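The structure appears below as structure tokens.
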Amino acid sequence: MKMKILTNESIAKKVFRMKLSAEEVDFKTLSPGTFLNIRVGKGMEPLLRRPISIFDADEKEKTLTIIYKVLGRGTELMSFLKEGEHLDVLGPLGTGFPVQDESRKVLLAGGGVGVPPLYELGKRLRENGVEIVTVLGFRDEASVFCQKDFLKLGKVLIATEDGSVGVEGYVTDAIREMGEDFDTLYACGPRAMLRSLDEAYQDKKKGYLSFEERMACGIGACYGCMTETKDGLKRVCKDGPVFRLGEVVYE
Amino acid sequence: MKMKILTNESIAKKVFRMKLSAEEVDFKTLSPGTFLNIRVGKGMEPLLRRPISIFDADEKEKTLTIIYKVLGRGTELMSFLKEGEHLDVLGPLGTGFPVQDESRKVLLAGGGVGVPPLYELGKRLRENGVEIVTVLGFRDEASVFCQKDFLKLGKVLIATEDGSVGVEGYVTDAIREMGEDFDTLYACGPRAMLRSLDEAYQDKKKGYLSFEERMACGIGACYGCMTETKDGLKRVCKDGPVFRLGEVVYE
Amino acid sequence: MNKDMLAVNLPGLNLKNPVMPASGCFGFGREFAEYYDLGLLGAIMVKAVTEAPRRGNNMPRLAETPAGMLNAIGLQNPGLEGVRRELAWLEQYPVPIIANVAGYTEEEYVRVAEKISQSQNVAALEINISCPNVKEGGILFGQDPEVAYALTKKIKAVSKKPVYMKLSPNVTDITAMAKAVEAGGADGITMINTLVGMRLDLQTGRAVLANGTGGLSGPAIKPVAVRMVYEVYKAVKIPIIGMGGISTAEDALEFFYAGASAVAVGTENFVNPYACPQIIEGLPELLKEYGFSHVKDAVGYAHR
Amino acid sequence: MNKDMLAVNLPGLNLKNPVMPASGCFGFGREFAEYYDLGLLGAIMVKAVTEAPRRGNNMPRLAETPAGMLNAIGLQNPGLEGVRRELAWLEQYPVPIIANVAGYTEEEYVRVAEKISQSQNVAALEINISCPNVKEGGILFGQDPEVAYALTKKIKAVSKKPVYMKLSPNVTDITAMAKAVEAGGADGITMINTLVGMRLDLQTGRAVLANGTGGLSGPAIKPVAVRMVYEVYKAVKIPIIGMGGISTAEDALEFFYAGASAVAVGTENFVNPYACPQIIEGLPELLKEYGFSHVKDAVGYAHR
């Protein structure tokens, strides 16, 4: 479907926030952690769609907001788009985070471009009365984004690799610093980060991890984006991107 | 070089006029009938540049105007461009029309997208005091463009294939109708039109014809755009696009 | 009226229209059934099946290239039994199924072909010979005319359904391959499979794909596919189902001109899940625009 | 300092940098001399030369394809004598020239190679074996290892300069071709030439190119070229000059990783006439970014 670009602005080093008019989307069934698969160019190059998570879904306004980092050609071309232009979008796609959570207190842990999908999740959990702590990891100060958004949900800790803001180190370091007083973990970020969280908490906590993998179809048909799990190979795009803590098997 | 788009507007069915800021162009040596080779997209598709003739060169303003018809992907993408954007342009390229003309009266004959290059030529000849008659051929009324521009230079006759405006038929029919009272012929249009003009007038008149051919490099290096001439194969992009009446040999 | 323009009969395949998804680019249809009625399709080429279930290759299995993509899925599939269950699910749609058969030995091909050809809604077999022949040091079945001839013959002897051999473009002379499978008794040819390609990651200095090389598909390979269909049409009498970079009805028409009796759409399904029904919808108008009253009249039109 | 990072020595070629325009995509340099100093180039691969002047094919000779183009120039060239005049003009530039030799019989190749190798500024020969062998029913010299072996041997016997054999990608096994020319005594390999492709015009129902088929070049073929360079690097010891879809310094680095000792830029010269000097300019920074102090260290890096 076509979605009209309402805004597309830089919010940190190479990071952009884009708001889309999403009249045709069924907000009732929209689950946090799902993603949009976006056709970036007008032609045959770049050929494939780019998966970008939903950062914020506003049912009243009927808008979806995404946050993306310019990494290569596709995201660079996205950053050139102007308001009023239309994007060719498929989605929301995938299996997102469950929001029926009985927890008292949850931890949201995001690394880099893994931060965005946690916000819509946090909003929903918060509406359900759950207490939220957020730990966000970035490379350096200039790369930090969305701190303010998460502050609306509760306490926020930042970790930067160079220590220029917050805790020096990775998300895992910041969690250790903060203490492990939470019932459920929700995380999204690079595979290495998810793996260390998985190994640290799968025996201790409930939790859900959202993975990234290169995709072609985004709808489960090409078998290009598999991950090994305890129940065999699963498709990150369709069976995921969200898997239970302890479900994924690392290579 | 980069040229900024100043305007880009539709002037007839599928026909657009685009004005470019051309600060770096040397207007002193610019010859009418030469062309710009334009990179249309931002990426690898469409891959090749598109040759478009110079319609009007304004030395004072330092602008070049082109007129193009949307025929395929390349020209379609051009039509989407907005003022303020920049085009990647090579040129002016090629060997254009000579303007040192001793004629009393000349005939400009243009068919379809062959019309544009004749205008800059006509302007120059007019400045040199030459009397100008123009015959322009189009498919139908909705396709007619630039009639007013040429009226500034002298008498204008229109031919349309369906007879919806002016003479019914081709440029050649209109010329016959008008009478052959001219010293020199300048023409640009489809090869079939140029061929019939060439055959009709090469023994009777002086003249110059501007040809089109598919191009890759536009600078004479790939040998993709040849035409047979009395002196052997020549490159349309570099040795042409303008050739003398009687010079080209048809297949 | 418009619909009648598209009906095509090929061995084993009464197609209401000559457009189908290509094998491996459509799974077993379940995912696309969420987007449109699979009953609209001319046929469905389902994902490759091997005798036993296969894990396929490690990740990454995908890489993008200019106007194309590389894949190295590695024939991941649930095996003969698993695929039979998928076929049963597909029985709800009135669409002929073309089963795609792969293997690593001649014997495996023959066993799988025989068994899968017994499935009720399998109308024809497509034999994917772009697999390494483990007994012949890894050269593909589809790269040696004699091997392909022998394989075709053996499969024909056991198959309950017509057999289409799927040619690999990674050969010196595609017509030699086409003639070999025709001589072996193939009922038709499907072509082309992917070109072998590779991308290197500048950061790691390794291939982007875990497998090293992968299959190049998409618009980038269309000119190679059209050329090969054109050549094969001249070389054999059996019908061709053409594919390779088709994304629009215009592309499909180019393949008909070249000599394809029907076409398959691969990579474009990923870019635009509605690609097949949109091409089917666009064809009648396009055919009329170019003066054809039936798609059959466009087949081989470039060979006048 | 930066410049020293790029110097490469190959048989007959002392290159100040490993970047050169590919044959047929640069004429004899005259047109590009209007854009930049040809002295910046590592070398120049000039247009193919045959014994007698050749008209080449009819128009159209060009067609665009997704991220690529087809050409069927048909070896138009002014013949041995004409090309010698062009070479004389090029003597003003301190750049090694690689003469591209074509022919329709073995004898023609040998005669042209012998004569052109005597030209003073010709540093090496590149033998374009993607020509039909008229005595062998049109199969290309570059599609049969034995023919290519014999041709290499005969040319080596007469050439005054090192000989690079230019491989055609339209083969089942590129390593067999590479080994054949190495066994024949080739000093190096240049690869890849174009893939054979075709486009049909929907309006006329004919091939867009007057010649029917043409050679596919440009970004679309890069994954095929990288794969083949990678395979050939493993198969032979002689150096490779790599090409096929290179348009940026990043693309060049990918070819170095795959195993090319130097690279050539073809189609991109048409899109961006400054492509070669821009790639040369960009390489030192790029090499440093990925931790190389000399381009030689990047050659074959993907084979660790």
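For reference, chains read A, B, C and D in written order, and residue numbers begin at 1 within each chain.
We adopt the following convention: contacts are C-beta pairs under 8 Å (C-beta built on N, C-alpha and C of every residue); 3 or more make two chains touch, one makes a residue touch a chain.
Keep in mind it's a predicted model, so treat the numbers as computed, not measured.
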At the largest C-alpha centroid distance from chain C we find chain B
What pair of chains is linked by the most C-beta contacts?
-> C-D
Distance in whole angstrom between the CA centres of chain B and chain C is 46
Per the centroid of Cα atoms for each chain, what is the distance between chain B and chain D, given in Å?
-> 36
Measure off the straight-line distance from the CA centroid of chain C to the CA centroid of chain D, and report it in whole Å.
-> 34
Return the residues of chain C touching two or more other chains; collapse runs of consecutive numbers into ranges.
-> 66-68, 218-219
Contacts with two or more other chains occur in chain A at residues 44-46
Select the category (line, ring, star, complete, other) that matches the graph of chains linked by touching.
-> complete
If you look only at chain A, which of its residues touch chain D in the complex?
-> 44-45
What part of chain C is in contact with chain D in the complex they form?
-> 65-68, 70, 139, 143, 170-173, 195-200, 202-203, 205-207, 213, 216, 218-224, 226-227, 230, 245, 250, 253-254, 257-258, 290, 301-302, 304
The answer for chain A against chain B in the complex is residues 41-46, 73, 77, 80
What part of chain B is in contact with chain D in the complex they form?
-> 39, 44-49, 90, 213-227, 233, 238, 251
List of chain D residues in touch with chain B within their complex = 24-27, 30-32, 34, 47, 55-56, 58-64, 66-69, 71, 73, 76, 218-219, 247, 267, 269-271, 273
